[in-house]
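There's a structure below that I have some questions on.
Each chain gets a letter, A, B and C, in the order it is written, and its residues are counted from 1.
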């Protein structure tokens, strides 16, 4: 016998109804994105023909060769390259702000980092294109290369890593600090041995967030990477990533070519989904406190 | 109302003062076979008791034995808790409050509730009192003014706040906030006040003031109060109900007039609890 | 000794980060400030943007943002309020809604651009227009806004909901009178953050609002957003660097102002919460 339901249609009922309508429209719109992308990509997905993305030798849309692999490798190389560079710098800055910086440096430093997180990607691209690429060109032409993309992207995701690591570190209980100080640990051993491991989940979460941003970044990479479709073999090779490919070819693509671009959009979504899933697994593990 | 006033500190045992005896026991609430469960897990079962008009009924017992669940079933606030199910009957002023014809919001205007932690809205003192009035259709300015004056007087807050009604209610001290919450409940002219450990979050002095005020309110209102403070229950209550947990389910062990329940308990568990051996 | 080294490395890291960003910012400021003038803000672009100003581009940017906000504010706030106040957290429908939101919050902006190009420009036949661009941006902002607003509302103490219910106050009244005013700084901060992201957006707009740098006459005209302008000047216009830096400076100033106010509001809200705890 359930007696906890009130059937009167009062103001709450009507207001809740109106809100759920809005939510319905929003959810439909968002669902539509997924459905529509799949629908547009369908010509190249149906009947197992999606396998060509991974079999075809290269991306020659006019000859109907739609191999995405070189660009997928380029995407991964650029993203992980940027991450490898940004992780020590970002984490180091977080440690700097939390434990080393005198107050009059730490506070402005962290607010500058916060503001940098909002700098438009096209500005990073502009800077990379006009300053960094000529510089790399002096060392090893052509300049627009995997390296340039890695450097620019590393700078872009650095604030994300710094800010999330910092908030993970600053939310550690203060007794940790006192305990390890009481054990007469040096500052270095304290940070590396105690504080970083305790904040590891938060830091990894931030790293994954940065990875999502790196995989999805379009403009900055497009502007500095050179955009030649090839599997990267060296730091100075020009490369084209998946996102840039969409931006470059969308305007004139037709038929299967167009469908393949939508399919690569789906592929990006799946990549992001995987990372987000890992992140959510990590954060749900956080609540039960085991392992 | 109360003869020997209990002064100051709530932690010292005062004289056993019951206020006016409830001579004519007129039932206000009849509770029959009440059971409460959360997510299929029963926390309270088989509670039947009468709450008498104008009296103070204290609910005592160790924490986790379902006193608060019982209290929030009385104004159907348990509806708000996800997964909560209440069964049994609660007859209030001749009507079963679980009937589908009962409008919950009207019911709750007749039954005021005070929580453990003072929870005034983050608005001005005046707005805190106006909000429930306006919600229930009182628009006349002078009527609102006179009601605000009345209730602030009843809780003894008028002189303390009359010059700063426009100030944030959160700027008041803990004890003042709790009295404002009581005033906010009184302004809807309920006949019953449910109090869930109203003094436990307050310092001893404020606690004493609030306790004294509760005694003054008895007679005009039927008061049901959950308390962990046995001395307090003894001082202010006319009736007491003792809850205990057996096999992880809360049960009503003993119910009766306050003094006999404390001085000559019928049940051995009650005896052990009020003497401090258990709990 | 090792400790010394570590300290040195940490300071070095911070130094590198500071220098790298210092280089970037000073480059934009130094190269851009020469372009910056009142006429730069109020003139039409000339010679593909190499000369003249960015007036129509600022207007287009604001129109695109405005369109997006008109759509996203009611949808986003309404949905967030519904999720936070009118649903049971455990219900299947709510959880699947949350999942969609989480996934879409991480979707690259170019994919939103792809969708906008195919759906708004193509399927709904709106063409390259400010309307298409605004709608696409709205889709992109929606998940972010819903999550921040919902977080703002769920952070409001439950005490007041119970107090309101115990007084027989409707949820609707309580929402308007107590919960929304209290959470408004957090909600506004979330809104500003998503506006900041939308202002910085390029990839989602290239194929939806288009490249046309003339003054738009209606929402059905194509309009070039500031970020797209910078992209075009640096990639497609030889000798457009100076103007690109000038526009970049304007864009950075806009975004910084938006984000600074968002931060100030969040801090204000945090203080409000802390004050309540005492």
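Definition applied: a residue touches a chain if its C-beta (ideal position, glycine included) is under 8 Å from a C-beta of that chain, and two chains touch if they have at least 3 such contacts.
Just so you know, these numbers come straight off a predicted model, no measurement behind them.
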Taking the mean of all protein C-alpha atoms as the centre, the chain whose own C-alpha mean lies closest is C
Dominant interface by pair count is A-C
Chain-centre distance (mean CA atoms) for chain A and chain C, in whole Å, is 17
Dist(centroid_CA(chain A), centroid_CA(chain B)) in Å evaluates to 54
Per the C-alpha centroid definition, the whole-Å distance linking chain B and chain C comes out as 49
Among all residues of chain A, those touching at least two other chains are 10
Among all residues of chain B, those touching at least two other chains are 104-105
In chain C, the residues touching two or more other chains are 170, 173
Chain B contacts chain C in the complex at 75, 77, 80, 82-83, 104-109, 112-113, 115, 117, 119-123, 127, 131-132, 135-136, 170, 181, 184-185, 188
Chain C contacts chain B in the complex at 88-90, 157, 159-170, 173, 177-178, 181-182, 275-276
Chain C residues touching chain A in their complex are 2-3, 6-7, 9-11, 13-14, 16-18, 20-21, 23-24, 27-28, 74-76, 78-79, 81-83, 86, 97, 100-104, 106-115, 117-119, 123, 139, 142-143, 146, 170-173, 196-197, 199-203, 206-207, 227-228, 230-231, 234-235, 241, 244-245, 248, 251-252, 255-256, 258-260, 263
Chain C partner, complex, touching residues on chain A are 10-12, 15-16, 18-23, 25-27, 29-34, 36-37, 40, 88-90, 92-93, 95-97, 99-101, 109, 111-116, 118-127, 129-131, 155, 158, 162, 186-188, 191-192, 212, 215-219, 223, 243, 246-247, 250-251, 261-262, 265, 268-269, 272-273, 275-276, 280
